[in-house]
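In what follows, subunit A forms one complex with subunit B and a second complex with subunit C.
Moving on, here comes the complex of A and B:
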């Protein structure tokens, strides 16, 4: 800071500069996303060739090996072509959401995914909301009561939450609340509406437990950091109301880093869903993935993996864009 | 002990008695300040002056009920006649901002980073004012104009888009939004450049007078206090040691500490033979409890000084001192001041360096993405046995230059020779040449708190340096002791860790470490600016002695012209990456040619009212 003058020039392009960097940022990130997806798709496609034995064996799964089936598969998957050409053919299909036909069911992969996606998304959103609402709430509470009982209890629970594997939590919840107490159903996705919500409650809690602890930990740290800042003292010194200091000073500043955490958490929930869906017999994407892996149904595995990749990359992009929108220092570029 | 009560008219706005603040350290209660009594009249400006650890900031914070969690205050604080000590946070909401406001030290951290300036000021306006959008906006623009910001578009900017001085002005506007009766300014210019400091202080003083508001200015700089305030409370180790009117204190301090503090402040108008440094450092209040807090460092201390806690006594009308021996030592103190003001008979002639160890020739450096070069055609020479000063504010490029010389920055063009070796491209230097260069030039950094490894003893740190630079040394221990002695530290310091040393002692260790390589030139980058004045004088004297005795060259980088005057033979003035002026120190300071040098000189604090008014 070397400016001595009081009336330093203020850019007239403020309106433009407010919006321009964020558009540029999104365009750049989208370009990077395309590259990343290409890379992911290549790895996913290579699975067929990385699987033990020759690709035909992998694609045959449990079907009997006859000259006819081999010939059919070779033709269907273009196995007689060079590797890169096979990839190009597969990728151009994937661009049109055509991941081929599932080996087990004989249905198009996309049809299978589409039928199972809604319940998985519902479970994911449910668990995400639980994580963020409870996690951020407890984190703030712990930070504001630093060193007191509420804080100690929360901090101790965080350790338990972080060190409990999702499947252990799932089985425990299932046993206590579904088997012993019969408060919640033990399996299935329900028949829509409130029934589905009721069915998804235990799985969502099981899924949210670990990530919730993670969010509590980070929210508490961010909030404590903010509460010690000079600008909080200065706000108090000006006689601003406690509500105002809590909302526009502490919370808004503390939640900025939590947004990034939110992206990571959502990604983690998608992966964690695999175990929970199996434990609670929910016919979602995770269960499909596990079943397909068991049956070596490669086209389905490829399709689901691709989908998860797209989801995680998009979520992180969204988190970064929200981050920029909320924090003017990132949006306008700190000088 | 109601010290100042008698000195001010009865219309006092703030009255503090028996204030005591303690800190809970584990299970122990440590005293931070004790027995504080003070009085501020309506429309009066008062300064709390003291070094770090004196308790001046804690005193101010307890007046506003803003102490950090670990601190507890007891005693009586009356604001506008009402006891505010036990107010709840909700009750404080109606008092803070309206009856007493505060300006914080660091404008870079005290404004909410995600609010525009208009919101920051707007939300601070009186709660009862029901203004519509347009009226509120108009009021914000008017408030900005009051603090000298005439460009209304500043209201739409975020704090991080403004310079430090602008941010502090916005902070002042926000602190004043509810028109407080008393304004507390806690070191409001410490984080700012010298030229900005003067603008901010004269703004505060002008507003204080225009509004007939009371002001408490907290500062470590007596000159700043004298120029800004009517009365001064001198604080030391958690106690008030002297209270006096500014002009009277400037003329004749009546406490040995105030006297020593005034003397250790380097003057700008002349070069002294040697600065008067106070030996040692500021103690913790509990270590000096039960006696005069200054006794362990005082030249005049006798048994009677430590026989009991001395109370402030009125020596002359309106002049209070806590020195029990003041009547006996007053004449002695006056003689000491006269002796210290002596100018050396002749200053070592700053002859043109015959054989420069460091030769920087037309060096330029532009950082990636920057529009303005950090260094622009800079040429500097430093020889053995001379002290060369580089003066500039933040952003002048002075630190970039130092980093380029020791190979921490690549230069874009020009050349740098150290001990005859071309170091313009460090990476390409053969190992032998690099070692030769490194031992020719060593650096002492600004912050002695972060430049020493906290996990290692001082002896270990120095021994490591000895083994690196003089691997054939057989008596490493003896060498460490010799090094410590050369910087005026006892040999026992080797067993200590940095955390148990004061800032001044740490900086001595950092200098000792730099001396291991037996450098021909020492680069000191703001090496005294993080230290208290009394300690700063110790380090300046040490550097001066090393220069004289070991024929050491010193490249002294600073923002402080008065410090440069005391230590440097020649000086380069830098502004925005350029050397705007260079020559013998006395000549530059007495007859500056460049307008920027003139501006810097004008901004350097002086103990008179004119400093802020012209």
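Moving on, here comes the complex of A and C:
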């Protein structure tokens, strides 16, 4: 009797995971994500206590230290409560996007973030599209023309592109296209619509350069790997057209590893955006982070770090899930 | 014994790699690699001598001669405070080179130790190191440094130390992977059968075969660190203001792009050249080392 009750659920579970391996995978990854988020939020909360001196001094900023201000801060940040209770209060606020008020401006942190988020998102999407389209295109081109001039030029550019820090690329682009040629504006985010697009073109190119080189490198390697396979030789021997071979045989297989690095690329773009926004004076999230880091504005640092942490963790989750969906071997083969 | 085994594994490694890339390398002019070496040698020279070789005092201001064009006296012109750009570039070589050197060497030593241990011993050591690696892998180091600078305050050497800690996992990951690749090879088993101690196998038998990729990776780490340290200085979170530093010069002289662009472009070009040279030398070292074998 007991043996039956034990084996039955196991059989059921196996059936479930056989039918929806992706579902099981996603549930498992979501659980891991929650743990990661808890860890990150705890670290971010602890920043106030890691700052030199006591938290009150760190949160006072430039304000004078009087009994009144100290009492106000203690009440506002619940500094008189035990550490873990403070964390619980902070975390429940963070869940409602409430990170307190900024030291410098006195505005709620979330208001500041919300007003700067759209331009950062626009910049990020712009750069991501550029990276993926140009990167994959050049990677395929280099692989198809392996060893010829086009490939050599691309490979050499990849080495330079990977070694060039984002802000240096930004400065050089700024000089050539905004100062010398005056094709694009040198700073700012424009007044919406096409004007914003025009203002964001140079920053997006600067942001995309490094990750583009990374994508080219991986696409080229994956493509060369696929082109060396027997089934490509066989397809050629059967007399299929180059386009047909490229689209239905090589690309579909070569793009799987490229999709996995999409997550890494997005993460890299978020960090690069910090530098690009400062270089082009774009009032986005990255610039906010650097400004608040310079002014030691802890609530803003916490809010922005938490936001970026959530973004990066979610991006990694999405990349994993997409990888599962795209690769039939993983989708069907793994239990 | 180890010499024989090493050479056989090397020939295997060579034969399994793509022939197209190798042929192209041979045909490509070695001239570029020589150029990279010469450039790095010059950078090292300036990093060692500091401002001794600078034509002028890098921090002397001359407000009657600001944003001057290049001349015999100021070969690369002057900045907004009338300071000689060339001298500041030379004086800035130190902070641009020494930090990445410490980061690259530090993470090379610790990363090789941990990676080899993780790959060879497996088990708990391995899973512990891998968890740490996974954690570090997900976090962008520049972001951490910006946050740390915002909370604790910015300074050069703590930043370098944090970067060592953040970079070690990348090195350890590479070395672990390469070690795992060597483990099933016959020479490891042979050495074990003969009774060679674990430590000897790890360092004298396996490590020489892991070294090429590890050394190449170290050059990449150096190139990356040049960028990260310069980025922090550029954001005003690295070296203190006023100090000659390439990243800081870019930030300070960015407004001069319309007036005296050399003051900003020269450090930009130097950063790119340093990082690229290191990457190219790393690639070259990998080819050389895996071609000839360790001995």
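Note that in this section the second predicted complex is superposed on the first by the 309 of 335 C-alpha atoms of A that agree within 3 Å, B and C clash if a C-alpha of one lies under 4 Å from a C-alpha of the other, contacts with A are read in each partner's own complex, and residues count from 1 in each chain.
Heads up, the rule we're going with is that a contact is a pair of C-beta atoms (placed from the backbone, for glycine too) under 8 Å apart; a residue touches a chain by one contact, two chains touch by 3 or more.
Bear in mind the structure is a predicted one, so any value in this text is a computation, not a measurement.
Contacts of A:240 after superposition on the shared chain: subunit B is touched, whereas subunit C is not.
In the superposition on chain A, A:298 contacts subunit C only, with no contact to subunit B.
In the superposition on chain A, A:92 contacts neither subunit B nor subunit C. In the superposition on chain A, contact of A:252 is made with subunit B only, not with subunit C. Touch criterion not met for A:115: it reaches neither subunit B nor subunit C.
In the superposition on chain A, A:267 contacts subunit C only, with no contact to subunit B.
In the superposition on chain A, A:165 contacts subunit C only, with no contact to subunit B. After overlaying the two complexes on the shared chain, residue contacts for A:66 are found with neither subunit B nor subunit C.
Within the superposed three-chain model, A:76 lies out of touch with both subunit B and subunit C [touch as defined at top]. More residues of subunit A lie in contact with C than with the other chain of the pair subunit B and subunit C.
Looking at subunit A, you'll find no residue that touches subunit B in one structure and subunit C in the other. Of all residues in subunit A, only 36, 47, 50-52, 58, 146-147, 152, 159-160, 162-168, 171-172, 174-175, 179, 186, 224, 267-268, 270-271, 274-275, 278-279, 289-290, 292-294, 296-298, 301, 305, 308, 312-313, 316 touch subunit C in the complex they form. Interface of subunit A with subunit B (complex): residues 1-4, 6-8, 10, 14, 229-231, 233-242, 244, 248-249, 252-253, 256, 326-329, 332, 334-335. Residues of subunit B that touch subunit A in their complex: 64, 66, 89-90, 92-98, 101-102, 104-106, 109-115, 123-124, 127, 148-151, 153-154, 156-158, 160-166, 169, 171, 174-175, 177-178, 193, 195-196, 199, 393-396, 576, 599. Note for the complex: subunit C touches subunit A at residues 18, 20, 23-24, 28, 138-140, 142-143, 146-147, 149-153, 223, 226-228, 230-231, 234-237, 247, 250, 254, 257-258, 261, 264-265, 268, 271-272, 275-276, 278-280, 283.
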